[in-house]
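Look for subunit A in each of the two complexes below; its partner is subunit B in the first and subunit C in the second.
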Partner chain A sequence: MSKLSVSAAFIITLTLTSLAFILDDLLALALLSTLSFALTVKNIKKVKWVYLLLLISLIGVLVNALMFSNKGETILMVFGLPVRWGAVIAFAKVSLKLLLIAGAGSWFILSYTPLEVARGLERELGLPKGVSFSVAYAFRLMPLLARDFKEIQDMRVQRGRRRIPLTPMDLASMLTPLLRVGYERAFWTGVAVELRGFRLRRVKREFKLFYKNGELQDFSAVGA
Partner chain B sequence: MLRVRELRAGYTTRSGRAVIEGASLEVGDGEVALLTGPSGSGKTTIILAITGVLKFLMNGVVSGVVELDGLNPLSPEGFSKLPAEVGVVLQDPDKQIAMPTPMGELVFTLENLGYSTREAVERSIRVLGRFGLAGKASQHVEDLSLGEKRKLTIASAIVHEPGLVILDEPTASLDPWSTRSVVELVSSMKKSGSTILVVEHKPFYFKSVADKVFAVEKGRVGRVEPDIGTSYPRRNERRRRSAGRTVLRVEDLVAGYGQPILTVEELHVSEGEVVAVVGPNGSGKTTLLKTIAGFIKPVRQGRVEKASCFYLPQHPDFTFISTTVEKELRDAARSVGFSELASLFPWFEQARRANPFTLSHGQRRWLANLVAYGYSRKLILMDEPSTGLDDNMLRELERIVDTLASRGAGILVSTHDPRLLMDLADRAYSVEGGRLVERDPVDLAIEMYRVAGVRFE
Partner chain C sequence: MIIEAISAVIIVVIALLLYLGGRRVRYTSVDYTVIGLVGVVFGVVFVPWWTVYYIVKAVAGPVGARLATYGLWFMAAPMAAVLVRKPMSALLGETVAGLIESLIPTAGGFTNLIYGFAQGLASELAYAAGLYRSYGPVVSALAGGLAAFPAVALDAVLFGDIYPWDYMTWIILGAFVSGLIYGLVAYLVGRVVRP
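Showing the complex of A and B:
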């Protein structure tokens, strides 16, 4: 079975995100956001944090709608405050726009591995090699940063400090070792990739709409 | 072929002092040469200089003649062509693996050098198979053991079959089993005709494969006979520490992350005693220490009786929370007074207002140890404290540990470094088949050297 290429998926995601900003029609927004959400339902556990953030942001959306768009016919009273038709429409529109952005982004994240994204952006869309390398390296670095952060948290607890930073001093004392170790790691990785010819890297650019069955993109089909 | 003549190299500092002064060395085709010397003598600087990194990526100052398989890496053109002709492996795998998977790592190198994706993938599969990593080609590199990461860094440096391979401290942080496999890899590369330069402060591991040995001393390089010294090791002559009251007793504990990793039937540490826990990379030593410290919930609780303790991580930087050395020690002065802690830090007067992160590596390790001692004068848990230390720095570590032990601290050290067993440990436990077994530290150290392939005379 063919698979949509990274570049094609990236353009679709970008288009859907742009439509979220442009569209004002409630029905069109509802259709597109439902569609994009439906595409992610199967693997929703992997992107639950996206939807969690969306839910949290809806509180702000509601407050905004009540403060700035609470006009027209009163629909119901909440704690003595009138909720008018204008606020409901504004809340629905902004919520659907956010759902459309979250759904499109999640669909893209769920469809490809980090390496596929990095290679697709470089080869098919012609993004600079530094950008695609950074994407791949970020995925390499994340577990290391998480491990360092956990170690720092354990040390802080051992020294009678808060595990979660609440004050600027807390934050500074946690970030300093994290950044120091991270910087040193990034510096030497930079040296190592230069010694392996990164500056010579010339990638043949080719736009594809679909990958044929079995076409190697992230090499996950081999070596396993 | 590698030829270096009158190399002078240094970093751009206010002092302008050269780290390397007139170094010369030559390694012929198919030869294995060792470059040895204490920390700070300039071994890594030589590698950075002869590969052009110091001049072109670090704004350093380099002069002299360098020839690597016909290339002059000190010219812009030679530096550009270097990656195709030379494979370089740096010290720490975590600081050089750039891609999330082993396959991605090798393909990345080959694509940089102009191979097509298909060619790169096919060649990478072959090389990963040769290094025993084919089954893990698509796993995240963080799922690999340290030994496997080291193999991956060597694989990615030689995947394009360069004529010259340079390895910087390839056995650093490795257990004896992984050390042996690295030595065997070097031996097989030599058989296939590669020229190899190995920078190593434990040169005896490579005695069987080395054709030449160069020693770096205060920035100068001299050729020495390949008599690396593998005389039968003996425990350092010193008074055995006398043990006091028990500060840690563990019985019937199973440590692990949900699944059992290490079973402890009995383990104890007394005041003033240094006890080592020894085992291969990934055998659960760190997990055990963190379980005792209370960071990880044990799989089976068993019985753990302990005095107040402090866990010291491998990376001393993670211990610090204050902006000056003085504040750090004042904050740590819980079980002993601040003045005692300050008196134990040899550089206190010069460094009291310095940020701990600006101290040298050795000073940071001292400070971290004193923080641990300040919090708990009874029991200190040290996680792999000798990682990456040469013999001089190891002596320094021993001095700190001896100081703390002589003041009554019980010290439990996790390690796979036989030198610690020889010189520091009063008693030792070895991880064998997922269980902790008490062993004589010297016998254990000799066994570890043998596993690593060292043949004693």
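Showing the complex of A and C:
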């Protein structure tokens, strides 16, 4: 069974996201957001917290609509506050835009691993190999950084500081050791990759709309 | 409309400056790994920051929220620029962070990439304006501050965050000042990481 290529899926997702910015028509937004949501329904468990975050953000959208777009004919009264037609329209528009964005993004993430994305964008869309390498390296670095971050948090707690950064200076004191360790690691990885001839690496570029069976494989950019 | 126009002008000016200034740039593998590092650190930090933003917004309102939290989303550009110190590093750092945030499942989806690219372009202007000769505290703070314009413009288009003009001025100012502060923090951290 063939599968849609990363580049084609990337373009579709980016187009849907851009449409969320551009479109102002409620019906079109409703159709597209329903479609994007339907694409993720099969694996909704994996992205359930995306929709949970979306629901939380809708509280802010509602407050915003009530504060700044509450104009026109009154539809109902909630705790003595008139809810007007303008607020309902504004809330519906922004909610549908956010649903469209979340649905499109979730569909893309559910379809491919980050390393497949890096490879696909490089080979099919002509993303510079260095940028693709940065993205691949970033994802390889994630578990190491998570471990470093936990250690920094533990050290802060032992020194009587906050575990979670709340002020810019808190943030600076957490980011500094995290980046210091990460920088050393990145520097020597970069040196090693350079010595292994990264600059000479050639990328075979070809645009594909679909992959045939087994054509989509992870790749190791770090080991390339 | 005015914010969108300013953002469009910024993007065109930057594209020109990048074309003129970035022609002779050569990136090494070390630069790419450092950009990857900045991308992953900020890409991961950006995700829970949304929760902080909503909490602050509920307590301090739209202006207070922008003043207290927005700058963090602009930090990747000055951080990458301070660490790599080459033309386009600010744009790359912020864009890669946005791309990574997009690939981690978030409610923002691919808007993170769009925001990251636009903010990175605006930040790049600060360095490009000085012909990439300085990566100091003033330029870094300015790089953080300039990212506020496309961010507020995109918010207006996407979330319908359009307020009366006087209130909008406060919102832009809040995001700009926040960008200045966090840009300076990025410089201070970057100076320690790469002395």
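Criterion: the second predicted complex is superposed on the first by the 210 of 224 C-alpha atoms of A that agree within 3 Å, B and C clash if a C-alpha of one lies under 4 Å from a C-alpha of the other, contacts with A are read in each partner's own complex, and residues count from 1 in each chain.
Keep this in mind: a contact is a pair of C-beta atoms (placed from the backbone, for glycine too) under 8 Å apart; a residue touches a chain by one contact, two chains touch by 3 or more.
None of the values given here were measured: they were computed from a predicted structure.
Visitor: Which partner does A:106 reach: the first (subunit B), the second (subunit C), both, or neither?
Guide: After superposition on chain A, A:106 lies in contact with subunit C alone.
Visitor: Residues of subunit A touched: more by subunit B or subunit C?
Guide: On the superposition, C touches more of the residues of subunit A.
Visitor: Quick one: classify A:198 as touching subunit B (first), subunit C (second), both or neither.
Guide: In the superposition, A:198 touches subunit B and subunit C alike.
Visitor: State whether A:4 touches subunit B only (first), subunit C only (second), both chains, or neither.
Guide: It touches nothing on subunit B or subunit C.
Visitor: Which holds for A:133: it touches subunit B only (first), subunit C only (second), both, or neither?
Guide: both
Visitor: Of the two partner chains, subunit B (first) and subunit C (second), which one does A:176 touch, if any: first, second, both, or neither?
Guide: both
Visitor: Determine, under the contact definition given at the top, whether A:35 touches first (subunit B), second (subunit C), both, or neither.
Guide: Touch status of A:35: no partner.
Visitor: Regarding the shared-chain residue A:53, is it in contact with subunit B (first), subunit C (second), both, or neither?
Guide: After superposing on A, A:53 lies in contact with subunit C but is clear of subunit B.
Visitor: In the superposed arrangement, does A:143 touch subunit B (first), subunit C (second), both or neither?
Guide: In the superposition, A:143 contacts subunit B only.
Visitor: For A:152, decide between first (touching subunit B), second (touching subunit C), both and neither.
Guide: first
Visitor: Could you pull out which residues of subunit A sit against subunit B in one structure and against subunit C in the other?
Guide: Looking at subunit A, the two contact sets intersect at 114, 133, 136-137, 139, 176, 180, 185, 189-191, 193-194, 198-199.
Visitor: Once bound in the complex, which stretches of subunit C touch subunit A?
Guide: So the residues of subunit C touching subunit A come out as 27-41, 43-45, 50-52, 54, 57-58, 62, 71-72, 79, 83, 92, 96, 99-100, 102-111, 113-114, 154, 157-163, 181-182, 185, 188-190, 192-194.
Visitor: If you look only at subunit A, which of its residues touch subunit C in the complex?
Guide: Checking each residue of subunit A against subunit C gives 13-14, 16-18, 20-21, 46-47, 49-51, 53-54, 56-57, 59-61, 64-65, 68-69, 90, 93-94, 97-98, 101-106, 108-109, 114, 117, 130-131, 133-139, 141-142, 145-146, 166, 168-169, 171-172, 175-176, 178-180, 182-183, 185-187, 189-191, 193-194, 198-199.
Visitor: Can you list the subunit A residues touching subunit B in their complex?
Guide: My answer: residues 114-115, 133, 136-137, 139-140, 143-144, 147-148, 151-152, 154-156, 158-159, 161, 173, 176-177, 180-181, 184-185, 188-203, 216, 218-220, 222-224.
Visitor: Looking at the complex, which residues from subunit B come into contact with subunit A?
Guide: These residues of subunit B touch subunit A: 48, 51, 53, 57-58, 80, 82-84, 86, 88, 90, 92, 94-104, 107-109, 111-114, 117-118, 121, 124-125, 128, 134-138, 140-142, 156-157, 290, 293, 295, 310-311, 313, 315, 317-322, 331-332, 357, 371, 375.
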